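A, B, C and D label the chains in the order they appear, each numbered from 1.
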Amino acid sequence: MHPPQDVKKKPSEQTVPLHNRWHPAVPPVAEVQTGELFRVEMVDFSGGGITKEYTAEDIKFQDASIQNLPLHNRWHPEIPPVAEVKTGEIFRVEMVDWTARAISDDNSALDVKTLDLSTVHYLSGPIRVVDKNGNPAKPGDLLAVEICNLGPLPGDEWGFTAIFDRENGGGFLTDHFPCATKAIWYFEGIYAYSPHIPGVRFPGLTHPGIVGTAPSMELLNIWNERERKLEETGLQSLKLCEVLHSRPLANLPSTKGCVLGKIKEGTPEWERIAREAARTIPGRENGGNCDIKNLSRGSKVYLPVFVDGANLSTGDMHFSQGDGEVAFCGAIEMSGFLELKCEIIRDGMKKYLTPMGPTPLHVNPIFEIGPVEPRFSEWLVFEGISVDESGRQHYLDASVAYKRAVLNAIDYISKFGYSKEQVYLLLSCCPCEGRISGIVDAPNAVATLAIPIAIFDQDIRPKTSDIVLTGPRLVRNPGLPQCSYDGNLPTTKNPCAST
Amino acid sequence: MHPPQDVKKKPSEQTVPLHNRWHPAVPPVAEVQTGELFRVEMVDFSGGGITKEYTAEDIKFQDASIQNLPLHNRWHPEIPPVAEVKTGEIFRVEMVDWTARAISDDNSALDVKTLDLSTVHYLSGPIRVVDKNGNPAKPGDLLAVEICNLGPLPGDEWGFTAIFDRENGGGFLTDHFPCATKAIWYFEGIYAYSPHIPGVRFPGLTHPGIVGTAPSMELLNIWNERERKLEETGLQSLKLCEVLHSRPLANLPSTKGCVLGKIKEGTPEWERIAREAARTIPGRENGGNCDIKNLSRGSKVYLPVFVDGANLSTGDMHFSQGDGEVAFCGAIEMSGFLELKCEIIRDGMKKYLTPMGPTPLHVNPIFEIGPVEPRFSEWLVFEGISVDESGRQHYLDASVAYKRAVLNAIDYISKFGYSKEQVYLLLSCCPCEGRISGIVDAPNAVATLAIPIAIFDQDIRPKTSDIVLTGPRLVRNPGLPQCSYDGNLPTTKNPCAST
Amino acid sequence: MHPPQDVKKKPSEQTVPLHNRWHPAVPPVAEVQTGELFRVEMVDFSGGGITKEYTAEDIKFQDASIQNLPLHNRWHPEIPPVAEVKTGEIFRVEMVDWTARAISDDNSALDVKTLDLSTVHYLSGPIRVVDKNGNPAKPGDLLAVEICNLGPLPGDEWGFTAIFDRENGGGFLTDHFPCATKAIWYFEGIYAYSPHIPGVRFPGLTHPGIVGTAPSMELLNIWNERERKLEETGLQSLKLCEVLHSRPLANLPSTKGCVLGKIKEGTPEWERIAREAARTIPGRENGGNCDIKNLSRGSKVYLPVFVDGANLSTGDMHFSQGDGEVAFCGAIEMSGFLELKCEIIRDGMKKYLTPMGPTPLHVNPIFEIGPVEPRFSEWLVFEGISVDESGRQHYLDASVAYKRAVLNAIDYISKFGYSKEQVYLLLSCCPCEGRISGIVDAPNAVATLAIPIAIFDQDIRPKTSDIVLTGPRLVRNPGLPQCSYDGNLPTTKNPCAST
Amino acid sequence: MHPPQDVKKKPSEQTVPLHNRWHPAVPPVAEVQTGELFRVEMVDFSGGGITKEYTAEDIKFQDASIQNLPLHNRWHPEIPPVAEVKTGEIFRVEMVDWTARAISDDNSALDVKTLDLSTVHYLSGPIRVVDKNGNPAKPGDLLAVEICNLGPLPGDEWGFTAIFDRENGGGFLTDHFPCATKAIWYFEGIYAYSPHIPGVRFPGLTHPGIVGTAPSMELLNIWNERERKLEETGLQSLKLCEVLHSRPLANLPSTKGCVLGKIKEGTPEWERIAREAARTIPGRENGGNCDIKNLSRGSKVYLPVFVDGANLSTGDMHFSQGDGEVAFCGAIEMSGFLELKCEIIRDGMKKYLTPMGPTPLHVNPIFEIGPVEPRFSEWLVFEGISVDESGRQHYLDASVAYKRAVLNAIDYISKFGYSKEQVYLLLSCCPCEGRISGIVDAPNAVATLAIPIAIFDQDIRPKTSDIVLTGPRLVRNPGLPQCSYDGNLPTTKNPCAST
């Protein structure tokens, strides 16, 4: 039995210099031998102090991915594998959160506001997959990856959800909520709760936001070309760019912040690859940052293989996320582990996938859902149609419809004692479902957002009784960590709301 | 006990003239007294004949809505109620299918190709709702409508699913599937099966496609104005109009085909209202044609009230529908009944809804899901990203992403012995779920389509065994009723598919 | 649209004699022609009156089973079929409640106290099943019966739940609750509520309590012999007979109250069969009164066939029932209909069933559960162990353990404003689950009773807060219709309870 | 990232003496320093060898519970707590399997046959619970224990399921299956599979078989007295003792094999307590060995408190278990961990529990089910009635009915290529549900056993097609590890089965 632990204590001062970023450049403050028992004292944000004993072994374990095996934050066929696995083997992958610990468990959103987005997402991998005879997965195969188990790293059971500043990342509703904002979540086994969003607690549908194979050079070129075109002409040609205000439209390759695993920075090879390698922000043909909340325990994803060995990478672990991950850094972001098992379906791309585009590479992964998702039986559902906040009619636009559904839900739930930022964060990370309900009844797409009622400690349903009791209308912790928005882009106010 | 019935018999000739549309203008071929027992012989499509005995009472029952209470197919505040209900009362509403029986249970898609869309959707109502003291629902109230029960009309247990011709209605994938196509479904209690799409059978998540309140004149004007603007300028300003090919962009008011309930055609009042009344095609602030498949048994929808008495109307019954209803007439369309119970939440719009637009009328309904939805535990899921078939990158466009996910699913399932049209119809009407999985990872939205595996009589999952068995690859009934496409709009071929 | 109906009105006097039992012997008060429209006025229990118009057709429809096709209330191979169905056909079976309307929708439990149990259960059938070539099901076959749909009879949407008097039927807890007691339930579509048990409302998991095939003479003899032995020696040899106090131990064949379908009472054949025919109370090898609540919509039961044609009978419709049906007449008993489809598995008994007893007839049905059961995600669970109320230890006795779990649950829920009789009735009819959790840890069996929390309008979970709020402790309608217990059997009082 | 591990390798010979029991008395074969890296080579059952590197730290971690904190295997108020926790704290409890590693991961059932049952179950605890002010839980309080998380111990992901010899433990069907038999299960994250029962794989509903509080001396005396009475007179007075053949009827206190935590063996105190302390086999008023499979992640159990500090103990971790745990050692037994959180409800026993017996101590725990149980939507269900294998009629006996249902299921599933012992083990450990369906229809209780279909790699449903395909009828690994039965108690053969 472990001694019972009091997870949350008050902070105090330290006698050695502190740091609040996790980065190779931070100098060590002490040195320990493997196996040596030593003691670390640390502050937390509110005044007390905790004591935890580590051995060097423990720390190696916690950060094996950083210290022993290099990470990468770009997609490129030439990033060399850091490990090899055989089909049928169970193996364990550990990972830092997508920012590599740049966001702290504290009461300030400054780290969110100033996060250097050129360095994300830190991925574990690539992992080369071979069959039982040692023959690698080949382009044209399908790689079946079963997620046998996953979770937070032991001893690191917390995560964060954030709204990014409109000038630095933004999000689905950045025109409504331009300020950097943060909420911290603590885990109690399967449950998460946040001191910043009181009155809710829910079981996590934990999943990796990113799982993908390496692209071939041909596929990489397709990505870079089409995204460059969007970046150049999107604002002129695409109405959605007016309605969804996150910028830039696309994140093109950039050497700034680039991390390429075993390829050493400063070499000519690094320079070339860094200029070509795709950013990890969007999901693409190789899977990648699809942020599909149902890729959880027991699910199995079938990824197309574009390079020898498949070169599987994964990262961006989410304790929980709502469909759409609307606040951008909207899931409960955390470090974590995966236990995976791979199979190779030879020639599976031809057998099972049909490209939907000009080349045979224009395919998408498919997956099966696992059997242990949290069960909810009561849902409150918000509708949205493709008419935007200014009253303009869009044509069958599910993104606009979903934006309206999410805005509707935020306003509704804010009536039960929450600030709108709290609800925006909550709908980003709780297990809510975003549906495309109707996509054919021109001119309106209808999208719906379904929220499980059981996550609240009060009944949020409308009351049909003549005397409507909407609860004590507690202002539930207005002190969400938040920074000011210092830019001058116009914001969208609900045109007819009184508040 | 009823005598067991052989539902499907062979057709034969009739001695009285037949008709294949259900419309007041079709002249009667015989006259019967109430209560009189008489005999009707009828043909069916394949050569035999069936005999069914009706009494006049039965027919009155089947078509009460048409014969006793007039229907309407437009939204307007001045369409008078046909009935009044009190809050707390259970009442029953019966309805014809949305085409008022213009589509027949036969082996030809000609009726689909030539359907006069100016006459849809035929709605039952309006129903005026008053409280227990007789005071009507008032503008600003919320009308809570509980769907206590619903189903097909006894003796009429069948429905249809159709792809509309690209020149007449179209659908989500009309550029891929321009031909009018039809599938007939028969119901065995909770289950539906189709001789046109063999090998699938599923329980219906039955729901009304349309439930809504009457708009006020102010709201009606908002609708007409914004949709007129779209119709006039959409092709120039909205990129989606290039990608989603259904036309027209909006359906503006038109006297052609207009049915206005108790208002007599030919009167000046009729002329005026018909020119103003909104078409029922899109879902809007009043609810309407939202096609939300989860509005089923035990659900409760909270509708804003815009006119005295609320003037609730409902129609477009679906035995089952997939999220998106992608083939447009994509649900299993049927006649049916609802058992409803209403409550009035006084001032509920202010209490619970926040307008998301320039006026206090820019709101949307909310609803709760019922407890008896069909349960499935195994799902195969298809992903799509916002890159279209030509390889163009769209910006966070969930509609494009969902189109790609649906196309992916169609191609995949067609490998198991189906034609693509069969799968397109199937995904329109089976209980599949369409999700907005990621909407923030610029430039790609990620949408997913989840299909319950248990509806198939074969295992459609990818096989990871070295020897892949994809089944006997039966061509499952290629004889889907279909018409040629005679227009000359270009179609979208999968650019790199071999077939 | 049907005119909205006010289902519950006040009673008044009638000018023709009334009756409060449904039995062939009640003389007609009027005669109508088929199809003739006529008017019936009727009383209800509380003073007002309602008016409903019937046609003779309607009445035929409502009570077809009684008037056109004779019922039966015994199992015997020689009861002739009343109908024949082919495999693959959907057919509809209507049925009266198990008492054939002997229990009224009123505020008195006198009908429960005095019910003549010799006449139950009234079954619809037998139905002879033949294959598509007209060959009947044969002994040794399996009859697969799919329950495609079911529900209450339209216009008759109510039911009753009752505790039987200890001298007349009893129940699982008859030593605790010896008085005849009744609760009436009204249906609102999928939901039931009772004025006698306020504060609960739940969706029904509707099912027939009885579905079975006719026994062969050999099987019938086995039944009669083993039950006679129990009746004669059980009190001496079986400890459970002391703990479970319902009497008689078995119901042996009796000519009193016997109804044998097409066989005319008074004939020698009738006399002989009535003396041999098994009572319908217990479930047996042929299925019969198994009271399995999951035999609902979409389920499929595989029944062994013992006689030519299978001779399927069904009855005892339950709108809802908890596992165990503990109050004996504990389900929500109602009239109703089934839509069924049969298949014959030739030689299926040998293929799929293995007898567990001295003859090849000692088999049991198997079944598959349907996909639309009501979903609940939160349950409160009560444990019981095989120690009885006197503190005696029983050996791995799941019946004793379940009795204790049910008693625990009754006491617990009664703390939330209910009388114990109300909870006893509620746990008999709500969709609670009774489990055999542990059956090997000598000497205690552990049984559990799981109650869905969502059926209550208050939160019945224990509260861990320091200040425990157990709600307003309303006495929720103590006026449950109840009779006195006039017998002199000792009752079991909770030995240490204060009340 | 951990290096990928090949979990199952071939055995080889060792140069240091081996042992196949996990017990403090086994002498060490080597000594290592904390943190020292060393190498262990070990055999497995089939001939090869594996190499695994441990540090001393790892071993400390694996067996912390044994080495640092003493275990206990009896219930007694005077066993001192080994740890103290505060309410609201999350704490972690690790535990050995119930036999403390006496059963090995090998191909012989000899360890099962010869297991010394006097030493079970090894429990972790007692844990003293105090509130935030340091005041302990008091007799009369309720202790709410939330199971926040649980699972196998990392690096120890395997378990076993066993049939015990009829002379040593037995089981629910020991008269049918008297031989000691074993199956080993390996875990792949949430899934378990067994080389001994091929063709099945299922997600675990992991739970502790035992969670309980310490009894007071008064309660302990009640237990000992009533169980002694059963042991002395049960065979004469209880019919079930003839039908359920496990012996002894009860396990009375015994100093043999007794382990009492911090109390040193050999002291007078140890002798006294060992003679009084109750065995842990049955579940009782304090919870204990209830083997309730739904006490899994996210559930919360409310335990009565009988001594100061509650003295919570837990053990007997199950990766998965079917209702009833029919083979006795029928769950997948494993070592594991729990993450728990406690609350104290002051005076909760009086507030929430009503005693069902002669003293206020005759209560039972209640619990809430967690939200992440594995989901299955298709079940095949077997019925049983209270007629035993000899054809005798029992009176409303749910144990007999369940025995018949289990026997029916075993025979049925054995038709799909399994031996009956394999199915008996499978039904003990897979997530099947055992229900008391009818308990009032004298003389037959009806019990049902529902098996999730998805755990099999073949479709086990009966086929209604004329040509019945029951699969290739593979004999699925008849080589289940099994010992002969050397006793001479009569066994029960299915009297009319051909095999």
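The criterion applied here is as follows: a contact is a pair of C-beta atoms (placed from the backbone, for glycine too) under 8 Å apart; a residue touches a chain by one contact, two chains touch by 3 or more.
Chain identities (UniProt): A, B, C, D = Formamidase.
No experiment lies behind these values; they were computed from the predicted model shown.
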item: Chain whose mean Cα position lies farthest from chain B (Formamidase); value: D
item: Pair with more cross-chain C-beta pairs in contact, given A-C and A-D; value: A-D
item: For chain A (Formamidase) paired with chain C (Formamidase), centre-to-centre distance based on mean C-alpha positions, whole Å; value: 53
item: Separation of chain C (Formamidase) from chain D (Formamidase), taking each centre as the mean of its C-alpha atoms, in whole Å; value: 36
item: Between chain A (Formamidase) and chain D (Formamidase), centroid-to-centroid distance (C-alpha), Å; value: 39
item: Where chain C (Formamidase) touches two or more other chains, by residue; value: 371, 375-378, 454
item: Chain B (Formamidase)-touching residues of chain D (Formamidase), taken from the complex the two chains share; value: 375-378, 454
item: Footprint of chain A (Formamidase) on chain D (Formamidase) - complex, ascending; value: 1-7, 34-37, 55-57, 64-65, 68-69, 82-86, 89-94, 124-125, 127, 146-150, 188-191, 203, 297-298, 339, 341, 370-376, 454
item: Residue numbers on chain A (Formamidase) that touch chain B (Formamidase), as the complex places them; value: 142, 144, 171-172, 222, 226-227, 229-230, 234, 237-241, 244, 246, 248-251, 281-285, 289-294, 302, 323-328, 330, 343-346, 348, 351-360, 362-369, 371, 377-385, 387-399, 402, 404-405, 407-408, 411-412, 415, 433-448, 450, 461-464, 466, 468, 470, 494-497
